[in-house]
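Read from first to last, the chains carry the letters A, B, C and D; within each, the first residue is number 1.
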Amino acid sequence: MTPTFSRVIDLEQPRFPGMPVHPSHKPGYFYALHRRHSDATGTPRTSAAGMLTMMEHTGTHIDALSHQAAYGCLHGNVPAHTVESPAGFAQHGVEQIPPLVRRAVLADLAPLPPRYEFTADDLERALGPVRPNAGDILLVRTGFDQLWHDEAAYLDAAGAHKSATLWAADHQVAAVGADNMAWDVPGITDPESGVTLFAHFYLLPQCGIYIIENLKLDELAATGVRECTFVCLPLKLTGATGSPVRPVALL
Amino acid sequence: MTPTFSRVIDLEQPRFPGMPVHPSHKPGYFYALHRRHSDATGTPRTSAAGMLTMMEHTGTHIDALSHQAAYGCLHGNVPAHTVESPAGFAQHGVEQIPPLVRRAVLADLAPLPPRYEFTADDLERALGPVRPNAGDILLVRTGFDQLWHDEAAYLDAAGAHKSATLWAADHQVAAVGADNMAWDVPGITDPESGVTLFAHFYLLPQCGIYIIENLKLDELAATGVRECTFVCLPLKLTGATGSPVRPVALL
Amino acid sequence: MTPTFSRVIDLEQPRFPGMPVHPSHKPGYFYALHRRHSDATGTPRTSAAGMLTMMEHTGTHIDALSHQAAYGCLHGNVPAHTVESPAGFAQHGVEQIPPLVRRAVLADLAPLPPRYEFTADDLERALGPVRPNAGDILLVRTGFDQLWHDEAAYLDAAGAHKSATLWAADHQVAAVGADNMAWDVPGITDPESGVTLFAHFYLLPQCGIYIIENLKLDELAATGVRECTFVCLPLKLTGATGSPVRPVALL
Amino acid sequence: MTPTFSRVIDLEQPRFPGMPVHPSHKPGYFYALHRRHSDATGTPRTSAAGMLTMMEHTGTHIDALSHQAAYGCLHGNVPAHTVESPAGFAQHGVEQIPPLVRRAVLADLAPLPPRYEFTADDLERALGPVRPNAGDILLVRTGFDQLWHDEAAYLDAAGAHKSATLWAADHQVAAVGADNMAWDVPGITDPESGVTLFAHFYLLPQCGIYIIENLKLDELAATGVRECTFVCLPLKLTGATGSPVRPVALL
């Protein structure tokens, strides 16, 4: 019953208007506080509340399998057009991601140069003898989590080389995650398939592996651990293609 | 390292337009899928994504300390007007709630009649010898989680009598949570203070105890346990007065 | 230079959360005032401002030609899928509607019973010797503008019989408008084409005739005129399928 | 009955994500098309529709009297705090602006240099013998309407010197309008009152004169006229502090 951990490390970046947002997901995030304590109520108790407007792929978030299709199909060869509607997806919506409470392994590669593509070899070197098992989470730190307050620099982050993505898939992880916008380095075309964002093409629709983006991994990396229990609890936003999350590591 | 639990139980209600929403938080929740796989891209990879419009107090969520004030002050005697702005709160915003990974105790009172106020005695009877310790989470099941698809019936749920709220505070829990809209029964005035929603007046601004609302507790209750490890990870929505969450119980 | 009118009559219903909204366009309309004069600025001037969340087909509004397709095509045989994107329509977006400053004729049929379908004969009887010319606006009053504060009753309004819609098209009007939600009576199937909302099927994609909905025509009708100058200025919401408007009649 | 004009000139800038927005009103404007013609309906008629998220002070718009206060009061010495609520203003909301169908005079000063403050003398020189009468609209062209697709350059536009604002008030116009973001030049402090945006301080709360912003005046100016009939029809957004508008000039 007593949980066997001594420390909870927060892996979420703070959310605020002006945080880095991928151009496809602009305007991204806005919060307006409209109900105020200063509104007269005539009683000693007052309330305040606001309104969120946000794309689901902003801030620290997880991509649902419906977010990407390969050759017109979602994971499991589900033709995308048969399940998409104005209200979202009838299959592979983010509400179908179970709570993720899994072993994670962390490859700390920081600091990497801008737009560097980290490889499978980079991962193995950083992990030493540690390897992910099937169903685990693979976390990679590029060091760009330090630039969360500088959108232009952050969008220029390092990301996964195709070999790293294939390596993750070979290890049958449940999800990959990094401290950058897209796991992939945007704008690089895979010569074989002709697509950009190769992992978005391969992991989500072809392998059924989730991608977690904009993680804050500095504090976890500073502990020196390469393994932890990772907890990520996507909101059941019915039909949506992703969810904001606040993952934590339990040590 | 290996987590010592054998089961993860989801405590979040599904989110969809039309789910029960407190009148103060209408229109509540909306998701629009605007980016579609059917949009031609000329490559084998396609994307879909949408936009969320939601009040932070919809669905399963946690109230931040900034949500309520007593006599004009937030918790710790912070005058509310000194910290509230259009962008939210400079103190006691929901981003200041740490990840909650705590022991929880569950009092299963279901099924309770509509608008029944459960008392401290009810809690003690249901808990048997189990008591919450300081820093624990107190969960109470009314049975109204079964009515999540029927707004009118759900809004008429049972909730906490003042004695139950005081009992929770006496046990110095970190948070209370129930399978109803407000922990309290809306519309009942506390004769002493003259306020409605007594727990919102007492727990948040006066005790610094969080309130978790719209939990789904049926599956946890069905296990028969009265204790578990509870994990609730509020999003760091800077300045906001609450956050949607997907709490889980680890058994 | 001096305009030759003596009176300006407002034809817009007020906009507020809770006004009648067609189920397809829920949640419809919301305004949140988040910037307040009470926010300290340190100078004698203060500002207030808010945020609108709204479907473009709420309140008094005009339908753009992109709003409806017949057999997959927008007006002019433009295949809808070739011009629709997440950002809206590359052709027949509402920004392509010119400012409408035209002669209008008003057929005052009020009060009509719920779900009554007014016919071409009804229009001719009400108009007496007056007829719309090509390019004019045809306005019809059902009397349901009086029920704008009662969504259920308003959604049950009278509307156009197919014969009235064909009559309008035969007269080559630029637009039709009524004091109801949809010009048509929702839920009635045209036996020939098999569609509901016949005018939406015929006028917009087939004839290029706009539909103006939720007009407030009581004050204009009370003057007894059957002709006026009508001014309707749709916002240039690039790519959108409609626009809120505040039409006026100049007498 | 026949309107006595021969030409309708559109004075609205197009609305699109990325159009210039004052920093106080970010993120400004977004439209998401979520309902698509491609969604299967089984009948020959299909619909498309979307969702607007916008601040009321974006694009071509009019400021309501509730937008600004002087010394804590709205126009007519209404204490702002007595009429502001989460839903907007109980007095001086934009729904209280009548349809504006008025004579306008146009002072064409284009091209002015960035941040130039045009004076009362500049206006008189440009207007020649023409003067606004009480209740008229004063339009001023700076030439910055040409830079609507370049936010940085547009935000650096010329605007009104205090003398021009006082001149407008002396002539008792109903509204002023210009082809810039704020009529005023942002960032300039009036030494007497200590406020920035002097016209926002003086015209709205003290004189009850509306301000129309982000007009497109090039086509009107190209006609060479200095007088026209101006039509501006603010939406009745109950309680809001402004409204998007599509003004036109009738010649």
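We adopt the following convention: a residue touches a chain if its C-beta (ideal position, glycine included) is under 8 Å from a C-beta of that chain, and two chains touch if they have at least 3 such contacts.
Quick caveat: nothing in here was measured; it's all calculated off a predicted structure.
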Any chain in contact with chain A as well as chain B: C, D
Of B-D and C-D, pair with higher C-beta contact tally: C-D
Chain copies touching (chain B, chain C) - same or different residues, decided at half shared: same
Distance between chain centroids, defined by C-alpha means - chain B, chain D (Å): 44
Distance between the centres, which are taken as Cα means, of chain D and chain C, whole angstrom: 25
Junction residues of chain B, two or more chains touched: 17, 30, 32-36, 38, 50-51, 53, 81, 85-87
Chain C - residues contacting chain B, complex: 17, 26-28, 30, 34-36, 38-39, 53, 81, 85-87
Contact footprint of chain C on chain D as seen in their complex: 1-5, 8, 10, 12-17, 24-25, 31-33, 35-38, 43-57, 59, 66-72, 74, 80-81, 84-89, 95, 98-99, 101, 103, 193-197, 200-201, 227-229, 231, 233-242, 244-248, 250
List of chain C residues in touch with chain A within their complex: 30, 32-34, 36, 38, 50-51, 53
